[in-house]
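The structure follows.
Order of writing sets the chain letters: A, B and C. Residues in each chain are counted from 1.
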């Protein structure tokens, strides 16, 4: 078996004519700075700038992409280092890594294998394919480089050429790490918070009341009433904006956004506080909050990201044993056109309002999101995300969305990752797939090569910067 | 930048082997006469045969494909010449045209850019890519050719080699333009009316009562009762048939077709007349009417076209300001198999009945429409339409529909256009994409080249003629 | 027209680089034994080993793939030899065959034409394309070979290189043919029963009571009560297991599986026996039974196959005239993630439980089935089936399922056929398409050629053997 060595033409179409065009397009953007307007890296990581300690803690345990397919193949989550019942895992890093390498075949053909090959080879210099036999050697090699200066978070940030990195943050967060990073003259990177207030929308969630308490403490505003909560959220949005935030994120079960009148909303808020709210009432409360969030975005100009249509924690026994984000959040059928009609009638043509729509149900790209973005100035087509942020799905996304929305009403790539070291591989993947897509349009004479170059370059800079108001 | 010059091989697959086969298939149909069994060109245009006056009035303002993406990019509809509150627009043609050209980048990769390039180059002889810098020159060039004899509607009709052009007409229309055209010995073209009675199905529509009045006047039959309305519609269908009509069209919110008994229908009709009909009752009335339309088609042999699943006028403020058909009709999730079960149980195997099903929700091609057309002799798969009448979507349509329905239970291409000058570009696109699709089947040895030639030629002549009973 | 001669490279991608890789992958599996874990061939066929008598009875009349598109093209079912009102058809085989050949053009581009070309050429040695003109000659040629020893069922079984053939059987079946085949030393083939108990789930089905009676007779257990029925089913599952059965199949209108408490289930059972059960109650009963079937699978380790989402006998007049399975079963929109949540919460991580999910609604591959199989150890992605078991759809399936489920959580190909002679053509199709899919991954450097070879070989042996516990 030849050594692990990602091919310079990987992901580019195989046809020689198209590949030649794609190469040229890709080459022009390959080294461009990375705009990462949506992700889950912790700002504290860059503030502390500590050495990463263990390859498995860095690459395996926190990545639900990896966990889920290993679990599906019979590996238990505790064998992968996942904390059980809140207790520290006693899994040994080397053994977790071996469980991953020994099951490498289950990832063949998936984006996980693609990212890991790029990351292993290009970030860590690994030259062997993962397997039970090579696991220890690869583990040792990564352990070793992690002790070097070049592999501390800030050095990687610079090496990865990240122009902007957005984090995801609770409204009650004091953004101390962000503030400290901005003040730190030794770090030139731009790290921005993102305002994510999902939990405050769900009065039947067990943590809702305690989260309201935290938000009250953070904002100095009583959140015991509905109007207080709205005021506290507005207060924190302003605080986030002062700390460089340009966008919010909302992850909801569905995209319905229907305003309640204040008295009804207050009544439901009180029922939530009293623990007497019904499921239907909680849904109505959540849908009103989504409407209010849109209204706030229209008022303060923070770009509203909406990621709807995921069923969270499908397997209750795993939730109880291992907690959330352990691989069993699952896609649901999505809808946007009807659910968002009220929001778009009220704010859809307001120049201050901007709404980026994401989905894990591919059918809505051509049926709903692209047509919405193809009429409403406020709406942008969010890049494929989570289950569909793969080479094949990104290509399908372009084919599905371009007809109605073109390129300039799409958001640019988002990596949505917790895996810091996978950021370059993910953005590189997107650039290659887009180069291939554009090259096919050129080779079939649907787009001039000159125009294709402009689009390819705009997709990695102008488009994300404008979409997210960076 | 090289001049604007559509490539002779455009849309044909890039692979040299496949392209060679596709070229040969395309060549055999490239010059074939155009059958356009579904469109929105006004018969009066050909009757009057007046010079077109202004490029923007001809190409931009009436085309919602163009309006919607410009609007989505921040251009206001009044800047594009759209009439506001019913008042004549004071937009200047040259400036409308510049708004279009200056935003040309938003159309890159979309079917609009494809059609315009073909149309600009092949109809008008334009050799520059649209841009702010070239806008005036292109505008002037088109203005100039529009004054020539060769660019009057009938000359274009002949040049476009249109064998049959179907218009879309209200049942109350006296079809005067059609009659005059048929009598006019100086015009050899075949222009057929299509019977479209949507408005008569919706008793909660503000214009329903006045439309009933117009229909009564046109038919000489009192439409104040349900049975009167049915009689008037039958009367007008016969009148349309006498004027060459071979098909009807229905555009409904959904495809449910459920008969009511006469007493219930009459009660709902009366409630509609009295303005007291509820939303649910109006839906029941509409679904009954769709069933009655199917029954009439079975009786008189007019081919029934059904275009369902579009949410009309999604943005109410734009509707109020600019009226309907201004770019915010949007696709909805579609279903046919359950909604049409009653109609198909009653008429589905009757040789007189024919039903062509269209969708803007691509998922139903493989799941519903092709399987229905793959069993019911009456059902045909309508070509992709509106949001999905693009090269990529037509190719997906063939891939999705052919397995269950083959080629001979599809309808042939329809252009569905208001943009007279785009007709050749649209049909040419379809011929190229079909040639490419067939060529891939040949190159992968799924279809002999001889059979592929037969299919390619049947798709542009025999198939539309038989499907629409032309 | 050149003779009918399936190309050795058929279905392999046209691009020379990819084709070369695909050829090599295909070559390595082309002659591999066939595992057919799901089909509808009658075990008695192999037991009796009688000569097939008539080409139409063998190839046309029993195959609803063929019937449906001929019917859709205006051929009446009685012309195709389908029994009407239970009476023997008086259609003459030669004329049935001519109706098929004369309409060959309607199959062009469909999987039916692909299978028939392979089968005609490779099984029967036919060298002419079907047409009205060639029909008699082809018919005669097939008649002639059918009289030879080489064309008796067992000889074909051996020639087809079938390692395992699973049939589909009623729980009340005594499996006499299976037992006799196993005892017959002159037949080395492995033929396994599959337990299919759909009818016992539907207390509003006209045959439910009589089927319960048959099951009671077969099991010696009174099925007049709900607990009796469960006991009888468990009894028969054990009996099937003793006869080599490794899996069950369930074909349900939807995938909801919701347990009832015993008292409620017993009450509904009694209502079914009394003929007083309502539609809603029958649905609740069926959904409980699906849950109980899952529970039994967890207990006894029989692999549970679930094929949901088909609307049976859409056209009632054809059902009444010609019976079921006559071409008008039609796909429905599918869902799995919500409907199966209870089953998967209860059994989804139990190593004994295994659930293979099939769909005829392609949208759920990427949205539901692959993500479920990508977390739950018990869940496998079933191969595309029925309306979507075509080259194009299998390729779309791989593209849609691989991202979340890889290759090793898919089931391997199933042919699901009643057409014994089409088995090799169907498996060969699958191997070619998978070779092409893998070759594209190799050519775009997403997968090493070594890994691709491993996967290609696992897909035709290790994967089906492990999935179905063969």
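The working rule: contacts are C-beta pairs under 8 Å (C-beta built on N, C-alpha and C of every residue); 3 or more make two chains touch, one makes a residue touch a chain.
Worth saying up front: this structure is predicted, and the values here are computed from it rather than measured.
Colleague: Which is it for copies subunit B and subunit C: same residues on both faces, with over half shared, or different residues?
Modeller: Mostly different residues: under half of the interface numbers shared.
Colleague: State the superposition rotation angle between the two copies subunit A and subunit B, fitting on C-alpha atoms only and giving a multiple of 5 degrees from 0 to 180.
Modeller: For the C-alpha superposition of subunit A onto subunit B, the angle is 120 degrees.
Colleague: At what distance in angstrom does the C-alpha mean of subunit C lie from that of subunit B?
Modeller: 40
Colleague: Which residues does subunit A have that touch at least 2 chains other than itself?
Modeller: As it turns out, subunit A has residues touching two or more other chains at 15, 363.
Colleague: Of all residues in subunit A, which touch subunit C in the complex?
Modeller: For subunit A paired with subunit C, touching residues are 1-2, 6-7, 9-16, 68-69, 71-74, 105-111, 113-114, 129, 311, 314-318, 327-328, 330-333, 360-363, 387-388, 390-393, 396.
Colleague: Which part of subunit A faces subunit B closely enough to touch in the complex?
Modeller: Interface residues on subunit A, with respect to subunit B: 15, 17-18, 335, 337-338, 341, 344-345, 348-349, 351, 363, 366-368, 371-377, 379, 399, 402-409, 438, 440-441, 443-448, 450-451, 454-455.
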